[in-house]
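By letter and in written order, the chains are A, B and C; residue numbering begins at 1 in each of them.
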Amino acid sequence: MRKVIALLLALVLVFALAACGQEAAKPEAKEDTPAGSAEGGLIKVGVINNPPSESGYREANVNDFTSVFTEENGYDAKFFYSIKNDEQLAAARQFITDGVDYLLISAAETTGWDAVLKDAKDAGVRVFLFDRMIDCDKDLFEAAVVSNMALEGETAVNWLLDQKLPEYNVVHIQGAMGSDAQIGRTGALDAQFEAGTMHKVVQQTATWDEGEAKKIVEAVINSGEPFNVIYAENDGMARGAVAALDEAGITHGVDKDVIVMGFDCNKWALRELLAGNWNYDGQCSPFQASVIDQMIKTLEAGGTIEGLNDAKQIISEEKGFDARTITQEDIDTYGLGE
Amino acid sequence: MQDDIVLTMRGICKNFPNVKALKSVDFTLRKGTIHALMGENGAGKSTLIKVLTGVYTMDEGEIRIDGIEGPVSIRSPQDAQNCGISTVYQEITLCPNLTVAENMFIGRTKKKSVNWKAMEKRAGELLENLGIPARPRQQLGSCSLAVQQMVAIARAVDTECKVLILDEPTSSLDDKEVEMLFRLMRELKSRGVGIIFVTHFLEQVYAVSDSITVLRNGELVGEYDVKELPQVKLVEKMIGKDLEDLSVIKKGAAASQENYYEAKGLSSSAARPFDFRIAKGEVNGFTGLLGSGRSESVRAIFGADQVTGGKVTVDGKPAKITKPLHAMKHGIGYLPENRRGDGIIADLSVRDNIILALQVIQGMGRPISRAKAEAFADEYIKALDIKTASTDTPIKFLSGGNQQKVILARWLLTHPKYLILDEPTRGIDVGTKTEIQKLVLKLAEEGMSITFISSEIEEMLRTCSRLIVMRDRNIVGELTGESLTQEKVMRTIAGGGD
Amino acid sequence: MKTKKTSRFFANNSALLIPLIAILLLVIFNLFRDPGFFSVSIAANNNGDPVLQGNLISILNGASELAILSMGMTLVTAASGGQDISVGALAAIAGSVFVKVLKGGGAITGSTVLLAVLACCAVAMLFGAFNGSLVAFFRIQPMIATLILFTCGRSIAYWINGGATPTVTSGIIDGIGSFIPGIPIPTPILIVIFMGILFALLFRFTTLGLYIQAVGINQGAARLNGINAVGMKLLAFVLLGVCCAVAGVIGVSRLSLINHETLLINIEMDAILAVAIGGNSLGGGKFKLIGSILGAYAIQALTTTLYAMKVSSTDVKAYKAVVIIILVVLGSPVVKEAMDRLWKKLRTSHPKDAGKEAA
């Protein structure tokens, strides 16, 4: 009996390790592609990103890059994923040593990149940043394709103001405090609270946790204080809030008691919009690959990059979807995940 | 205060809820003497010691210490330390994973930083002076128990120590180690330290002490000079009645010839291969010095260590005993040597401790009902005269002797055919000791086979009809009938030949 | 006679005083703040079914996952003298398996849900056994052993479903996560009661409780009394695995969505806290399951109170910490001893009572 148990446990162990191993092995395998095998004419690109398991956003982001930087498209691309800055830095050095032409970076942390980027410049490797900025001299990179979280918040709040409600009693559910997305999406709404155009019923963080968002909204419902807007800083928390509304018999969505707003444009969230259960979903575009692809092609053709702002940024075009106007096509084009 | 008196306690009273633990007890200790504090369990010895060391605060009375004006107030162990009173307890309270030197000084330096070199040097000198066979940089855990005990004493006396209290220091030492400890005690005595010596071993009292104070039921019986108080008288004073009882114990009739348990070439990860048998109704014993392999042998019989070989028959049928549960299912019970570490489940109630073995034999799916457990517990508390507030009391609150009785009750409840008792009387007062010895003989008469191990040869001779003598982890002799004399046993143990 | 019985009850259950006092204080505080705080009303939900509502229901409902995990955590703590910090990660794995099976084949029926529950229980038990074997066979400290799964658990959960936040739509899942049509009590509360009864039966009809305590208090002695100490520790972890699976299923069902990154995140610390507040020693040994459950409700009551008071989000954790410090200090041995002394003094000053006790 004991032996059987031990055997079973050993199997579990192997299973678990294999699971962990696969995670780790994926990027390695891709990295192994020998640099020399690239056909003449292919542009050598090293992409450093966060692992797709980080979030739905990241998964879409990774898929976007792997589908754009392909051999058919003229690239010999190598990918490296890590949420650890030092591992990313080491990978960047390796890419430079391997002699890539371009380095594409979504950094885990904003600091500590100066030396590596200088090395890259000395080695003639050109650098693009995407998704996240790095604190460094802007001569060290060609351009940065990023989202403007504050703009996302403003777009959403402007949409809300356009609804011309007689009064705005807002339940504001925040993401993890201090994250870029939270700061950006909170800012615009805070301005309204301060200006007095909207009334803050409650402002509470659920740290991106759907279950916690539900508890927060339950507490508001139990207090009996009236509210007519739920502004959740991502789709998951909006879903948690809606679950609380459903249990309390409070209607929500187009022409209902409570307006529901979310962010990130997960496919399932957009479907809620299409069904009229939610009212608004703000996009946070993970699609930066084609923009960078265009810029690289421009540089290769001897041109110069245009349309950069003072910080050498290109702001990704990001929309906000209204339940009244959204179409199935929008969901297929812009929705993340399944 | 007389010049040579270092400690006087007068009219000490201590009450606990429901119990008067000390009733106006006096105690006097002179410089450079070893003073034995004697009494049965519950006589008030430990309470008196705890009052003196500041663990308890007394309700009435006064304590005076040489060199300190007026009565002293001892409200914490720190106070006691400041008055020059140091204590070494029965259970070693040092850290086995630190070095000897660290153990001697740690927690005693006022400064935050430690000068390791100086500390080790100082420790080395002290160890050498006191004749303790340990090196300062040695890990304490790698020393023998006796040396650990002596390190604890060295730690205690290194401070300005006038009074040294040794609470059952010898209970886990063998004769050689006890002699080593005695040498150390005499050395300290010659330096003028007053030593209070608490022990259960009468012989040791006579070997080393100068005077004796006897307590009984929280009252002072008297203070005596060792030379004026023969051993028998001492025991009488302790238990308060004439000592006919002790000699009354006689071995039962000859055991039947039918073996209950037999092993050939039994060995375990700790025991070398040995042959062993025990007849139904027989009481036999393993004897030998501590570490001679006697405990390891009985552990192998019970399957407590990993069994590595041997053929075992139980009641005439071949049996496989590789873990305790197997042994238990074959009607074997085992009272381990180390009561605290291997016997009691400290936080569990007396009731749960009593039913544990029976419960395990019955199996996980058949729990003993609360009412039944209560009845079992009550029955054995009465039968063995276990002193406990209730069946719900955690066993850790009982005195050592009563804990031992609970473990005994645990095995008796399973109605074993064969019971192994490893040091059942260690650290137990004289009265209980006799009770246990009587019980062993009574059980054997009823047909139970019993293997008895004790460090006291006298006790073995009184109970066992056959002694297996071990030396250096091998069986070196077997004594029965006429040859069962103290002298013969000693000679076999020592290897002097016949 | 009666006083003797009650005083013995308190002596035996003094460990429960802390969570009870905590809950009592929160109740009094809230009633003082808002007399209607605990009022429960019946309203219709969006499906038109009548359901119970109010802060009391929110607390009981919201604490469900924590209560269930704290039961398993109590067993692991008692048997191994350490804590499992991978419960949140394991719940995420279980939840992912649950969703994976549900999405595996066509329409979601009662039998597919049952199959999914069984599958995720089995997987969670295997992972529990993995943790348990590290602790029991290899004698690794529980916190270190479970650190492995704590670190890679949510990655495994991601790997199971591939997508980040798959959703399931089914009335049955809604029934598990919120209300079964016709029953006004939130289903998670019913599941906690079910689990509680299950453990009560387990303790009533097996000797599990005695064995686990014996192993936790003195493993050597337990072994010499024929108890399979290794097996008991393993079993405790496997039972905790079941608790993780159930908590994961509830968490997923509440929102019909699995987010492996956030599902029951940081709950391991609350579960350990519930065990501690419940008066159980984190060093193992004796335990009271009911204490941990009360501890879980005390924690949720505190959180709900803070939400109701609209304490700013950045301050919530600080307030929580203050209350927890008070609770933990109240339950510390130093304070306990002081209380015991006070209690004894009170009794000796009433000699009548003392006499009764002695008799």
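Everything that follows uses one rule, which is that a contact is a pair of C-beta atoms (placed from the backbone, for glycine too) under 8 Å apart; a residue touches a chain by one contact, two chains touch by 3 or more.
Computed from a predicted model, the values in this text were never measured in an experiment.
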Report summary line: Contact-pair count is greater, between A-C and B-C, for A-C
Requested in this report: Farthest from chain B by Cα centre, which chain is it? Let me know.
Outcome: A
Query raised in the report: In whole angstrom, how far does the Cα centroid of chain A sit from the Cα centroid of chain B?
Result: 69
Query - Euclidean distance of C-alpha centroids - chain B vs chain C, Å - result: 43
**Report entry** chain A and chain C, separation of their C-alpha mean positions in angstrom
**Finding:** 34
Report summary line: Touching chain A in the complex, chain C uses residues 43-47, 51, 53-55, 58, 62, 65, 126-127, 129-130, 133, 137, 148-149, 152, 154-156, 158-159, 163-167, 177-179, 186, 234, 251, 254-255, 257, 259-265, 303-304, 307-308, 310, 312-314, 316
Query - In the complex, chain C residues that touch chain B - result: 8, 12, 204-208, 210-211, 213-214, 217-218, 220-228, 285-286, 344, 347-348, 354, 357-358
**Report entry** Residues of chain B defined as touching chain C within the complex
**Finding:** 17-18, 302, 304, 323-325, 328, 334, 336, 341-348, 352, 356-357, 359-361, 364-365, 367, 392, 410
Report summary line: So, in the complex, the side of chain A touching chain C is made of residues 5-6, 8-9, 12-13, 15-16, 19-20, 22-23, 53-59, 174, 177, 202-205, 207-211, 214-216, 218-223, 235-236, 239-240, 243, 245-251, 266, 268, 336-338
